[in-house]
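Following this line, the structures themselves.
Below, chain A partners chain B and then partners chain C, in two separate complexes.
And then the complex of A and B:
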């Protein structure tokens, strides 16, 4: 066991000695090699687990010879019906009947084999001969079965814990697409992907991350499509993670992303099995984490954050229209406030005369400069958004009304802000909600604050400067070594068919070449090649 | 450390170099119109008590270079009277015959000094980017537009689509007009020439940009002449400019002919006598015209052929006793009647421009320079003498495309 052993800080050791003596005792005093004696083995388990109220140690006798046996499992992680019906009933009752019927006496070393082969009626069993493996299995919700006379421990799969069912996606709604979303159980999530792609070449591999949390992390790819170099890179980056706990895909994302200083997400996050599967089919790798209802998709670029499943499910003209709206919305979300500041404070000549006079009339009683005004309102709307995100749904709606209508109107009446400002801030906020990826939207919302400062200082020149800086940054980003801004920078004409305009399916016969898929065709191209 | 120092320096440079022309939108004074008159503010040397001060006293300027020559009047919108003033301010009620703008007159000898002098009277920073119209008075125009226009071309806030107008002295009366359908007379003026696509009798393309090209190239040009009552403005023909100086006026029919010959005709009405009944009238609604001018040199003689083709709709008939004859023959006769009418009208204008004013308002010089450069080079110096006697033949072809509805 690695428990505590890796704790190299002596100070910590001391505090542990005082606060947590039993665990230390178990490490020091118990011989951790498994023996063929049930009682000894059980003592090892008890040394670790006896303080836990949910740990169950069930000793019983097997058959006519009363061979000592024991079950160890964590209550709550196992399905108790399986334990009763398929394990205990067989071992305690049916095996005795069998002995009587066949006039055969089970004893000694054959007991373990007999139990394994005849008594435990569960499909998935494993054998463990080290405490390490055995303990991990018990903690993951399996049942350890010890039989006198064998140093191996039978691991019986009786997992069953309270889990949420498959429900609709919360953050990525879709009009036409399937309505299922991942939930917190890894097996459910992988099953949802398997349901969508029955290709036996699809590989779901798991590794365990987290020294203490021992979280199962699965990565999914299709052999024969995905670039082998990419698979190696994913494996390498995942294996380099050496931390105590892995709670969420978000933590994995932060460990494996290329540039941790950038506000822009470099890994796509989705809770939709269909998005995940189609990305895998395009030659990308999906990473799933147990206890997280999200999947990570690598490599991913800016283009992917502007895509929604509906783009593909609807006809291409509608899909393209939606893409246009989204790219436009991303520009508005990032640049509208700074453009407003620049025009209001530096270049009123840009506005048509009636509008310039109307805005001037709007602002005539406002005590603040445009920058302060925009800044106050943007902060207000971020406050509203953040408060709405954490509150229960019923109260969240109230906040929306209070914030949107009452505060907006009152701020105008109180002479703090102008009606055109309220309009601008609302449009900016709505535009940022148009972007399908939450993490990309929040990045755009974030960069508008430095852009606003640039606009307040340098006017339109500053906005242009900011635009250039943002673009240089985006173009220099990489996601798992793949260019972030493809297909626009570097321009990849073959991939640009699925960019701002989503061409009809006939023309999308190639997988995106920028992720270097091994097998490039995804259609019978003789029929549809341009 | 060095890197972060550099970073700080760059940030400081950015922040310190910025902001120099920063001004909130409501703190600017949007000059919508400018009227330029010859100096006439009464001079009152003695100091008066404040309650006896008049605007004319404020308008004077202390100068070192001589005596004032111009009175510049600018029109500033009174923004706080706008109906869109936010509720908290209890915004004023606009319209209702009450002026929404403030006309300030300042005298001086240069326009920049007048503008800056004005800023000692106005709390706002004067700003020209929304300038709609410049109205020049008769006497200033006759003294020479080229003489005083420089400021309006050189200033970086001036836009080239500013409308230029000429009016009878004093031009500032035009700014005092309170139009019925707009807040400010200058914006009203700016919109007036847009009707040139329906009414060919107003001067088309008379902005600062086009005018300055004419002045620089030495072409003659025409600017709209405007007249006004208390609440109405009319574009009434044009002011003819030769070598940058106004030399006379053209009536509305002349303007129509000039527009036709210069290929600037965008739409209008042609009225002719009925071919079958001389007491009746036929009317054509023209929706397009195209003009080609061909200079021909025969020996020493210059002859210019003007080919005008107009397209339009048979829009109205008066008289004829209710007979609606739309036969091909009748339409052909009508077309001929329209053509003759236009030809007659153009010839009248050409004669007037050649003989009476000797003004090349059709810009034939430009045409010759590009099409007959060799010839132009020879006669360039004598053009003023040659022009009145150039034979200009107008050939009109009209084409009635539609005949309107029949109910």
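And then the complex of A and C:
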């Protein structure tokens, strides 16, 4: 296997020189070229893998001429039944029977071809003539089969490892929609997408990323719908990633996004095959990463983060109502605390007199200014949320009760905060949970802290300035060249049909034009257009 | 050159014009109209607006002939090098003055309305810094921001107008219905200054993606403020009366203050209105500021406008801090407004004449 040694950081080189001479040099001691001698080839593999307890080297003899053969695989990554029944049984037992039945003697160079064509009863086989390819296959769970007399190595697919079954989505529940979610095996995920779209034009391409992790990364699009420029851009950005390890879609996302300084997500993340597939059908590209139960969807704008699959499955009035609620919730989540601070501190006259008096009466015994009060409670809420995030479900509920009821009530009784404050902070927290996309919600939760400071310093003018700055930032953001705030900025009337209001299906006859799909129509318009 | 995605669509072009025109002047508009035209306030606002529409359309017509050039470049082509550059310098002066005046009058108004204890300098500096941030992002972001704010601003103005209808008193409205030619004619130039901002058409045309429908979208862009302003003046007269709007500093805020918000959710609607006015004032000021830096770049024939933003910001700030009191401010505002009208009339007339004579000559030959 090629181990990348072009270390560009001069500091790393210094530390290397100072320490003991580098030890991992085994590949330099052995000749890396494959030969037609099984023993030599096996030695190469052993040079790399001998120290591993899970590497299996199985030598055996083939047929009546006792041709030396060997299997190399990683135990745990292969299905042992396949290895026993479809590989070893055929090679050690059935081939001898065949020889006897046909009175043919297998020997010399024909052995390899014969093995390939008659003995291995597995559908997917490949040939490898370089050690690089062969080693990668073995490490991915394939079985390498060496036969004396051939410098090629037969790669037999016997992959099989313990995997989680398809389960319900954890973070994106749905009431009407399908209940399956991606899991950690790439092949299962691509199969879930294929099950939803049987179009032969749908292309699933893979590339390997990570110098050492060699993770399979697949990108999915539909030929004839997706903008070819977009596909090229995705390929280009994926190929530019040159790192040691790729563990999760989140890492890929951080490498391919346009503005890495922004708190806002520029790539949609979903664990739902139906969301992924319908986005692909709209002309977007999905990126799947092996070992990750999430798919990335590019390009994506803020509008997409406010959509949930149920909007499309339910009737349009209900879908539009839910969208309204979500956009409203996103404003509340980001701006409610700062507006509260501004109004209480600078402009109490804005409130109706009875309410202003009630708030003032509540606050009369509070030792803190509105800003400190809001800040303390917001931090408490964030602590509760973060503590509950990774706890087992049973304990998580306890945290909910302790946080919501005990702390809230006790804080008011202790005179640290006013009841109206607890109400505000709870509503803000709930509003942030309304937003379907976790990463968009957390961005909005984050920006409310600087907004609170602005409000405390400059009152309503500070909130307005904060609103302006957030809007400038959102307007300047792009996702793969796609404007983040479409369909509002730039205003695209054709796409605005599926925005805050989702029009009835009958009117959504075009794919979103801002993604520049090649094929724009998605329904038979004659039925509905007049 | 300019990337496709950085080009402006027709809607963005209109939004840019609307957000530049609707600005700091909104809250004082009825006073401006009342003072300048008296009984003719309503008609003068409307006619001043119509004149602004015509001017804007003429500028767009001129700009359409030179699709990839701004006024700075085509005035050089038409008038010769030195007069053309002088005209560019005049336009630059106007944009810089307008930016600083908007900045100053915004800060004055805000200090009076919301932040009585905050130093004026703090308001001005925070505003200017935010404008710098926007201007650095370039024309496509500015246009997108205009589109984001446009529905908020227009809807809130319509809301203020709509909710004020219950306070509308026909008797107060009567005077402006009587025909009075002289005050109308007197008031028109002053009211045309309320529509300043359409001058940005001189500069944004080369950024547009398509120039086919430029005239209708120019009319749309200037027409929406005309309708909104006329409605605002009309409703202010109807609710507050002619006398009152001449005396109040910010009649539109008073108008909003009188609104009884349905359901009693908010006692003082004016704060809500001021919040939205901040957005309008900002986008207008920032657009002028960006146009000033763009003009500078074009005069020197350079491509990168970003250094000029840092260069212009202190100049704008110093100019804005110079006027000592409200009276000086009002005078400066008035004359800068006249200068804007003068420049656009002069430019259009001069350029159209030159164009006509050149055409005539080429026909002779």
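Methods note: the second predicted complex is superposed on the first by the 509 of 530 C-alpha atoms of A that agree within 3 Å, B and C clash if a C-alpha of one lies under 4 Å from a C-alpha of the other, contacts with A are read in each partner's own complex, and residues count from 1 in each chain.
Just so we're on the same page, a residue touches a chain if its C-beta (ideal position, glycine included) is under 8 Å from a C-beta of that chain, and two chains touch if they have at least 3 such contacts.
Just so it is clear, the model here is predicted, and its values are computed rather than measured.
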item	value
Partner chain in contact with A:353 - chain B first, chain C second, else both or neither	both
Contacts of A:475 with chain B and chain C, given as first, second, both or neither	second
Which superposed partner A:460 touches (first chain B, second chain C, both, neither)	second
Contacts of A:332 with chain B and chain C, given as first, second, both or neither	neither
Chain B versus chain C as contact partner of A:414, first or second or both or neither	first
Touching partner for A:345 - first (chain B), second (chain C), both, neither	first
Which superposed partner A:369 touches (first chain B, second chain C, both, neither)	first
Which superposed partner A:399 touches (first chain B, second chain C, both, neither)	neither
Touching partner for A:483 - first (chain B), second (chain C), both, neither	second
Footprint overlap on chain A, comparing chain B with chain C	343, 346, 349, 353, 356, 458-459
Touching residues (chain side chain B, partner chain A) in the complex	14-15, 17-19, 21-26, 28, 30, 32, 77, 79-80, 82-89, 91, 127, 129-130, 132, 157, 159, 187
Chain C-touching residues of chain A, taken from the complex the two chains share	343, 346-347, 349-353, 356, 458-461, 463-465, 467-469, 471-472, 474-476, 478, 481, 483, 485, 488-491
Chain A partner contacts - residues on chain C that touch it in the complex	5, 9, 11-12, 15, 110, 114-115, 118, 122-123, 126-127, 130, 133-134, 137, 141, 143-145, 147-149, 151, 264-268, 271-272, 274-275, 278-279, 282
Residues of chain A defined as touching chain B within the complex	343-346, 348-349, 353-354, 356-366, 369-370, 412-415, 418-419, 454, 456-459, 462
